[in-house]
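The two complexes that follow have subunit A in common; it is paired with subunit B in the first and with subunit C in the second.
Entry: the complex of A and B
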């Protein structure tokens, strides 16, 4: 894994939003993503996990420039994405795609499936003639397990799982190198979730696409990710190989998160130790001055409240926690 | 009991049964696919009032085209020996105070009133959709400036525009159209702006952005197409509004010039005879009110047919 080339590199990326806090308070800043550095390598899946509101979707949207980063650099194949314009931007749009969370909202209800999948080809002028595009659409439909005669139907005639397949086919029309999957399975039934995961894995085997797989559900992420990054309140708190993180989580937040995975077996489930987390995730409008997790951490020390731990290499992974530094 | 103690993921393979092939095809779509237009038409047909209105309007349009062509009379041909005739076989709706055939004048007026109505609606549609679409899509300062300009135009009474336009361009059908359109598009622009603002946050619009679609493509191929329902309804309701405005302008004497007729000028001319020959007032008023009523019913019918929430 380590020899693989880095495809996407985030360097200290921050995305802040300004919200008006009412007449008397003036403008305030929401630090949705705060100083994130990450690498995604060619052909790998990086799982990005964390609870709702921790900034993982914003991070994904920042990479594809749906949100502009406030600070930091995003390098795609060595080029800074935030400065792309014109032809270079079009090239980047072709190579990076996104699959959205809600399959009911991500397909234009007034377009047929054929038109939806053809659209990216039309925008980028791929595959020459109409007939070649039509053939490509049929091929893509088959890749994701749909039938060619679905081509003239409308999105409302499909189930959630089928729609998510259509989304996948649409992103594949551009033959991208990198797809951001923004919770693509969280709106689906468990049985359908596995189907979608398997399609994504098969496509990765066949084409070597890299994924950033955003999810809040750890049990599914494990099946698809090579590496996992755990996010909390806009910060990455732990990154490492998927197996390593699952077997021996080090950061107290990762430990708590993993302990919350239900075990689908009542016998083994009885022996599971849950680490309960008290309180709520702090508001990203005024995050704690020290470690972002200090307000809920069971092992928080005094300096955790005043200083911010940096993500640093601990053997086979990177963790941001003072308690692990000795 | 022993079976229950095997952990779920360690069930040996031989305990699994293969499903037969009939299960393979359990995900198929039984309904015939219907396009948006077909679906809307099916719902529209169920509304009898709207359907009758549509029929009435169609008949009116056909008559407006045919009657002045085949009738032996012209709209300005006077017959002073036959003034103020009651309806009869020669003149189906009678004649006016100059002995002109009322049926021909009414249908000639229908041409003008209907074309003013539809032309004004189309002009307002085009300007309103583009203006409102741009405001809603780009938002921010641009939206702020453009909408304030629209507010200023809207705040000036439309009679002022009408008088100004008539003074400059004279009394003809084009100045009537211009006068109606100066501020008529603003309602449409406001509605489209609101629609586009809410639709642009939908994931399909964002997916189009990630795909690399241009602003023009996202706005016109995705956002406007998806707000088409309310836009069509609004356009239908703009037609009677424009017809009424034209009739009103003609009635107060600033519409198209005589001897051409529109429903408004006919009503104006009949006004002086209302105590002696009230029937002459009846025809244009009936034409105006029935047309407006049917257009409103059509608008209501479309509103229901095009809105999936009301099905």
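Entry: the complex of A and C
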């Protein structure tokens, strides 16, 4: 794993939004992503987990430049993507793709499936002739387990699971190296989720695509990811191999989060000890000065409220917590 | 144990422009006093519709047929009330009082233009003789019970001032207002984060234990079911295909659909294994198959499965499953 080349590197990336604080209060800043450093390697799946509002979707959108970062550098194959222009930017856009959560909103209802999958090829001028594109579309439909005669149908004729397959086929049309999957299965039924997960895993085995898998279903994230990053209030608090993180979480937030996963086993599930998490996630407009988790942390000390712990290597993982530094 | 809910042969059909959607087909079930019954199924399996019919909340176009529907021994079968007004009067007395519902979406359930206090007081004022003052005190008590900090100030706030988890707590407080005997929770935590989900589920269990009510929990999350429910009904294509205690369903599943569901989820405490998804998608209830609804996705389907619906096979006093394989196994043994 360690020998693999780094595909995407985030260096101290921040994404802030400016919101109006109301009359007389002027403008205020929402720190959605605040100083995140991460690496995604070739051919791996990095799972990004955290509660809603922690900034995980914003981080994903920032990597593909759907949101512009306020500070920091995003390196894709060593090149800073925030400085790309013209042809280089077009190539970056071709090599990084995104699958969205809601397959009912991400497909144009007035285009046929064939047109939807062909559109990115046309935009990027791939596969020369119309006939070659048609053949590629058929091939892609088969890759995601749909039939070639679906090509002339419209999105409303498909179920949620089938639509998500269409979204996957569309992203694959450009032969990307990196796909950001933003909650791709949370709108689907349980029996359909496993179908989509298996398709994503098979495609990765065959083509070596890297995924950033954003989700709040912690069981499925563990299943698909090689490594996991845990995000809280715009910060990464712990990163490591997924087995390591799930077996022996170190950061108090990771511990609490993982202990809340419902276990599909009646005896283990009913006797599980959950680490209670008091209070609520603070507003990213007015985050705590010290550790982002200090307001809810059961082990918070004095310095946690004033200083911010940095993500630092601790054995087989990186974690940001003062209590673990001794 | 007494049955608090007893339903026999319930069917619900919706006439639509495309044809008749047979959402619930001939299901029988019961809820024991003091237990949590889980109803598991995919979207469109009929789990919500069958529960809405208990509450009398189906739209007027729904065609309901039912042999028996009793709540605390009292007849609430809409088919036995030729006069709609009489049925409405009976249900008025039960809904929000003896039987209450917790809905999935905490944002659409609450009235955004009404203060929280008034919304909690509404069922209290409707069903008890308490004065406004007393109802307000009761509301404060309920808010404290479901874990809303500083209820005295929060009671005069509007729903937008609360987070998703807090709103779900308010909905639970409203459902609990009159100490219902039965709480129907329709996907109460689907919209919530896992940490908040765990808090809400613990709260449901806590109020069930303190009020000795029964709970019907509708969900598609098998983890939630395993950690909360005493008994489980598995629904598929408008039918209850398997019913059993939590251990029977998870450790000795009988129906191929139940087995399929269990093999396409992962347990984060165990080592990774390949997920085995169920191929295909659920049947179209406009034209439900004559035989078993699962036949097109079942790896073990036989000829008869396409032709006729199997009878429920009793595997233990609490465990029943509708699958032809049981009949076939019995014949093999003979």
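By our rule, the second predicted complex is superposed on the first by the 326 of 326 C-alpha atoms of A that agree within 3 Å, B and C clash if a C-alpha of one lies under 4 Å from a C-alpha of the other, contacts with A are read in each partner's own complex, and residues count from 1 in each chain.
The rule is simple: a contact is a pair of C-beta atoms (placed from the backbone, for glycine too) under 8 Å apart; a residue touches a chain by one contact, two chains touch by 3 or more.
The model shown is predicted, which means the values in this text are computed figures rather than measured ones.
**Q** I'd like to know which partner A:13 touches here: subunit B for first, subunit C for second, both or neither.
**A** neither
**Q** With both complexes superposed on chain A, which partner does A:231 reach: first (subunit B), second (subunit C), both or neither?
**A** It touches nothing on subunit B or subunit C.
**Q** Could you say whether A:48 touches subunit B, subunit C, both of them, or neither, answering first, second, both or neither?
**A** neither
**Q** Touching A:318 in the superposition: subunit B (first), subunit C (second), both, neither?
**A** neither
**Q** Would you sort A:190 into first (subunit B), second (subunit C), both or neither based on which partner it touches?
**A** Second partner only.
**Q** Is A:268 touching anything from subunit B or subunit C once the two structures are fitted on A? First, second, both or neither.
**A** A:268 contacts both subunit B and subunit C.
**Q** State whether A:294 touches subunit B only (first), subunit C only (second), both chains, or neither.
**A** A:294 sits against neither subunit B nor subunit C.
**Q** Applying the document's definition of touch, where does A:90 land relative to subunit B and subunit C: first, second, both, or neither?
**A** It touches subunit B, and subunit C stays clear.
**Q** Output check: A:258 vs subunit B and subunit C. Expected answer is one of first, second, both, neither. What do you get?
**A** second
**Q** Hey, what residues of subunit A end up touching subunit B and subunit C alike?
**A** Subunit A residues touching both partners: 159, 162, 264-265, 267-268.
**Q** Which residues of subunit B touch subunit A once you look at their complex with the stated criterion?
**A** Result: residues 5, 7-9, 27, 29, 31, 33, 35-36, 202-204, 206-214, 217, 222, 225-226, 228 of subunit B touch subunit A.
**Q** Which positions of subunit C touch subunit A when the two form their complex?
**A** 42-43, 163-166, 193-199, 201-202, 220-228, 246-247, 250-251, 260-262, 264-269, 272, 274-279, 281-282
**Q** Over in the complex, which subunit A residues touch subunit B? Could you list them?
**A** By the definition above, subunit A touches subunit B via 64, 66, 89-90, 93-94, 96-98, 100-102, 105-110, 119-120, 123-124, 150, 152-154, 157-159, 162, 167, 170, 174, 264-265, 267-268.
**Q** In their shared complex, at which residues does subunit A touch subunit C?
**A** Those residues of subunit A that touch subunit C are 51-52, 159, 161-162, 189-195, 197-198, 216, 218-220, 222-223, 246, 256-258, 260-270, 272, 274, 276-277, 280.
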